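Look at the two complexes coming up: chain A is in both, with chain B in one and chain C in the other.
Let's turn to the complex of A and B:
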C-alpha cells in the first residue's frame, strides 16, 4: 500500500524501504522459527553435549555438522514411534471425521432451525466449550470407566467428537448461509436432513476445513487424556512417547528431539494443505 | 424444430400456486408438520448434545458436586483462608494480565503487517502459525533449553550483544514473565489468523478510497482496519484470557509452580490438590471457582462487544 504521496520518492529511498521491509519479515519469521529449527537441527545431530553450539552461540546450532537420521531410526524401531504415529493418525482422523458430521449438524440446527429452548441449548454448548479439560479429567475418567470404555479406541475417540468450539464455528458459518437456497429446497419438498447432506454440507468447505484443523490438532497433541484413559501399549499415542523421553533420572535428549519432530510433522502438513480454507472458515468468529 | 406454443396445461398453471402453498406450509408449519420439524431438529442436535452431556457437562457437574461435599461450603471457606490459594489467585491474574494483552497486541500487529497477497507474506504467515501446531510438551521443552540460565540460547544472545545474563525461569520475578512470553510465542500466530480472516471481510474499495485521499498505510490501519476489527478483537481477547486463566501444561513441565510459588497458577494448584495432597474437594473447589470466573468474564465481555460495537447479530 504505497500512497500517492510516495510516488515522487527517490529510487534510493524506495530501495531502502524495501530492504527495511524484507529485514522485518525475516526477523519475524526467525523469531517464530528459530526455536523449532533448533529442535530440528538437534534431532539430526550425532551424540554430543546438548548446548554445544548454543553457548557460545554458533551457526552450527541450526545447521548440524555431518547430519544423521540415526535418532529417527531409533525412535521408529526401538521406541515404538511407528505404531504410535499410526495410532494417533487413526484416532485423530476418525475423531475429526465424526466430529465434522456431529458438530456441523448441531451448528446448522442452532443457526437455521427454530425450536423451543434454542438459547438453553446454545448456553449448554458454550458451557461445554469452556469447561477446562484438566479440571474434569478425573470425573471424566470415572464416567468413561463406568461405561466400560477404559483402555479402548472409544475412550480415546468419543470424548473429543463433540466439540463446543466447532459447533460455535459452524453456527457462525451457517448464520451467513443464504436463506433463499434453503427455502427453495424446502419448497421442493426436501427434508431438512436431505437438504443438509446434499446442499448445505458440500458447500461448507471453509467451515469444514477450520473445524477439521481444530479437532485434528486437539487430538493429535493430546497427552494427559491418553495417559489415563488408554494406558496399554496397543493404544500408545505419539505425545505419550514424546513426554516419556523427559525423565526424572535424566532426559533422553536425542530421542526427545527425534520424537518431537516426528510428532510435529502431520499437524503442520494438515495446516499447509487446508490453510486457505481455514482462513475463510474462521471468519465467523468476529461477527458474533 | 420449433413447436407452436401449446396452451398451458391445467397442472402447469396450478404449479406456481401449489408451490406457494407448499412454501407457506414449510415456512409456517401447521400443527401436523410442527412435529416432524421438531423431530428433524432433534435428529440434528441429539448426537452432539449427547456427546457433550456425557463427556463434558456431566463430568463438570460431578466436579462442582465434589466441591460441595455433603452440601457444605467447607472447601470454599478453607480456600479463602488459605494464603497459598490466595497467592495462586494473584499469580494467575498477573499471568493473564501479562499474556493476554501482549498476545492480542502481537497477533494484531502481525496481521496488519502480513495481510494481503504475495508469496513472501504468505510464507511468513505460515512461519508465525507453525508454533501453534506443535504440542505443548515440545514447546515447553524447547523453551526450557532457550531459557536455561547457564547454557541457554537467550543468555548467549544477551552476552553476544553485551547485555547482562539473566536467571529467567530460575528467578521468582522473571519466571512468570517467561511463561507469558512463551504463551505469546505459541499463540500469536494462531490468533493472527482470526484477525486476517476479519480483515478479508473489509471491502477493498474502502482502502482504495482512503489511499486516494492520501492516507498513509499507518493511517489506514489505525482509522479503518482496527475499528472494523473490533468484534474480532473482542472475541480474541476473551478467548485468550480464558485460555490463559486455564494455563497448566507449561507450568507442569517447566517450573512446577516455583521458584517460591511465583508460577503456581490455579490449575496447577488444583492438580497438586488432587494428585499430591489427595484432597478432591479442594481441587474441585478451585476448578469450580476458575470455571465461574471464566464464565463471568466471557459473558461480560461478549455483552460489552454487542453493546459497544453493535455487531450484526441476528
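Let's turn to the complex of A and C:
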C-alpha cells in the first residue's frame, strides 16, 4: 500500500526508510539467532551455572570466558553420542533415499495417471500425514510387531519411508508438469515406468531436494518411535541421547547443549546444501 | 543446479554406505558374542550414561555370563515408553518402576510376584516404608532401588545480607509454613521497583507435582484418596486440602513471593543455585546438585509443617521390577541383576555418583564421608519418622496427572475450590475404570 505522501519522497527519506527496514530485518534475525548463539556458547562453557549471565542479561551469555571442547569430547566418548550420530545418519539417509523413490512415484501416479478411487487414495494420504503421531503409535507398533520387525533397523526405517507430506509435494510438483511431453513419450511407446525414470525424474530436482530434506529431518528428529520400536542400546538415536541429559533430579546443561549442537550439525549441513532447491520445491506447493 | 544435486546425492549415498557398514557389522558381531551369555533387556531411567556405566561395571565384571542391554529412556518419555513396551508382545525383562506406579503395573499383570523368589531376610535392611511401597495387595512386586526425602534449602548469604535469622538445622526441628511465608515476604526483594523481584522468597523445586505438594495438604490432616483408594470426592477437595491449596496458590498470586510458571525442576534449581531465591523446597539430590555451584553457600532445614498441623514429608523412590512374561531361562539372571542393583554396594555407589537417597540403611553406613553431615541427618530423620508415601491406587498415573493439572491451574491463579472439585470429578471417573 503506497500512501500519497510516498510518491514524491526524497532520496534521503528513501535512504532512511531503507536503513529502517534493514535495522528491522537485523533485529528479527538477531531475535532468531540469539537462542542458537546461546546454545553454542553454552556448549563451549565449562559445566556450571546456566543463568549466571542470563538474568540480568549480559553479553557474556554469548561469549564463554574460557571456551573448551571438553563437553563435545565427553558427549562423543562417554555418552554414546558417536554411535548415536552414526545410527541416526544411517537411518535418516536410508529412509530419505528409499523415500524419494516411493514418494515420487506415488506423487506422479496421483498427478498424471487416471485410475478409479484416485481421489480417495489422495484423501487417505492427506489424512495419514495430518494424524498426530501419538494417535497412531500403538496400532503402528502392533503392525510392525506382527511383521516381526520390532527392534531392528527395519522398524526404524520402513514406517517413515512413505511420507504423506512428500507425496503431497510431489503430486503438486507433477501437476504442473507439461502434459504434452508425457503424451509425446507415450505415443512413442515409452512405458509409464520408463517415462518416469528417464523423462520426469531427471527434471524433478527441486521436488527431490525438498522431499529429501523433509524425510531426513523427520527421521533425524525422531525420539519416541525409536524408544518403543528399536530399543536396544545398539540402535540408540541421537535425540534419545539429547533428551537423556534432562531429568527431574539432575540436568547436565553442558552435556545437553553439546549433544544438541552435535545433533544439529548434519541436518543444518544438508539444509544449507539443498537450500535453494528446497525453497523452490516447497514454493511449488501453493501452485495448483 | 544439476551439479549441486548430484554432489548432494553422492554425499547422501556415501554417508549411507559408510554408516551402514559399521552399523550392520556391529549387529552381527553382537549377535555372535551373545550366543553364550544370557542377554537381559533392561529399561532404565535415562540417567547420565557415564555414571550408569560406572555403577554397572562391577556387575558385568563379576558376571561374564550375563549381557545387559540397557535401554536408557529419558525421564520425560519414560512412563509413556513403558506403557507401550509393557503392553506389547515383547516387554523388557527387567524395568525401573516409579514407586507409586507399582500398583498400576501389578494390577495389570506386568510385574512378576517376588514373594516366593526373595527371602524375607533379604528385605531386612530396607526401610519398611520402601518395602511397603513395593507391595500391592500384600504381595511383593518389586525391590526398592532408591528412596527420597525433601527439606527446605536456604541461601545463607541472602539471609545474612538482609539480617534474617537462619532456619533451624537440626533433625526434627522444623519451622511452620506460616513462618516460611513470613521469611519469604521479607526476602522477596525488588530493589529497582520494576515489579520483577531480583530475589524471590521461596521456590518449590517440583512446583506443580503432587510428590512435593501432597505433604502440605497432609500436614493439615487431609488425604488425597479414601483409605481404600477408591474415591477422591470429599478427599482431594476436602476443606483441609483446599486450605493447603489456597496457601500454595497465594505464594504465587496474593503474596507474590514465588515466581509463577517455572515448572521445570532443573530450571528451578538453577534459579536457586545462582542466588535468585532465598529458599527452595527441594528433594535430597539437591545436596549433591547445589554443591556443583561454585561458592554457593547453602543450608538445609527440616521440611516445614503447618501451625498446629502434623509433620508430614514426601518419600518414595524408584523400584526394580521383573516382567511377569520373562522367559524362564532368564529369570535367574534377572533376579541376580535386581539383587545387585538394590544391594548395599550398588545403592551406595548410586548415592555417591548421583546423590539419590538409598532405600536401605546399610548403604548409609557404607559411605560415612558422604552421609555424616547434618543435611543428610535432617533428611534421614524425616525418612524414618514423618515420611508419607503417595496413595496406593492402580490409577496413580491418571490421579497424578489430574492433580498436577489442578496445582498448575492454581499456581496460575485459578480458584482452589473450583480446580480441586474438577480434579475430584476427573479422578473419580478414572478410578471407576479400575473397580
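Worth a mention:
In this section, the second predicted complex is superposed on the first by the 271 of 288 C-alpha atoms of A that agree within 3 Å, B and C clash if a C-alpha of one lies under 4 Å from a C-alpha of the other, contacts with A are read in each partner's own complex, and residues count from 1 in each chain.
Heads up, the rule we're going with is that a residue touches a chain if its C-beta (ideal position, glycine included) is under 8 Å from a C-beta of that chain, and two chains touch if they have at least 3 such contacts.
Note that this is a predicted model, so its numbers are computed, not measured.
With chain A as the common reference for superposition, the partners chain B and chain C occupy clashing space. Within the superposed three-chain model, A:243 lies in touch with chain B and with chain C [touch as defined at top]. In the superposition on chain A, contact of A:117 is made with neither chain B nor chain C. By the touch criterion stated above, A:223 is placed in contact with chain B and with chain C alike. By the touch criterion stated above, A:178 is placed in contact with neither chain B nor chain C. Which of chain B and chain C touches more residues of chain A: that partner is B. In the superposition on chain A, A:138 makes contact with both chain B and chain C.
When both complexes are overlaid on chain A, the residue A:86 reaches chain C alone and has no touch with chain B.
After superposing the two complexes on chain A, the stretch of chain C that clashes with chain B is 403-411, out of 295-303, 349-357, 385-393 or 403-411. Counting contacts as defined above, chain A residues 50-51, 55, 138, 142, 223, 243, 246, 251 meet chain B in one complex and chain C in the other. Of all the residues in chain A, the ones that touch chain C in their complex are 47-52, 55, 74, 78-80, 86-87, 89-90, 93-94, 96-97, 137-138, 141-142, 145, 150-151, 153, 205, 208-209, 212, 223-224, 227-228, 231-234, 240-241, 243-253, 255, 270, 273-274, 276-277.
Of all residues in chain C, those touching chain A in their complex are 1-2, 4-5, 7-8, 11-13, 15-16, 19-20, 22-24, 26-27, 30, 41, 43, 45-50, 53, 69-77, 80-81, 84-85, 87-90, 92, 206, 265-266, 270-271, 273-274, 276, 283, 285, 288-289, 292-294, 354-356. Residue ranges on chain A touching chain B, taken from their complex, read 1-5, 22, 24-25, 28-29, 31-36, 38-39, 50-51, 54-57, 61, 101-103, 105-106, 108-110, 113, 115, 121, 124-128, 130-132, 134-136, 138-140, 142-144, 147, 158-159, 161-162, 164, 167, 183, 186-187, 189, 191-193, 196, 217, 220-221, 223, 239, 242-243, 246, 251, 256, 260, 263-264, 267-268, 271-272, 275, 278-280, 282-283, 285-288. Interface residues of chain B facing chain A in the complex, by the touch rule stated above, are 19, 22-23, 26-27, 37-38, 40-41, 43-45, 47-60, 62-63, 66, 110, 113-114, 116, 120-121, 123-124, 126-131, 133-138, 141-143, 145-146, 148, 150-153, 155-157, 159-160, 185, 189, 193-194, 196-198, 200-201, 207, 211-212, 214-217, 220, 229, 231-232, 234-235, 242, 246, 248-249, 253, 267, 270-271, 274, 280, 284, 287, 290-291, 294-295, 298, 302, 305-306, 311-313.
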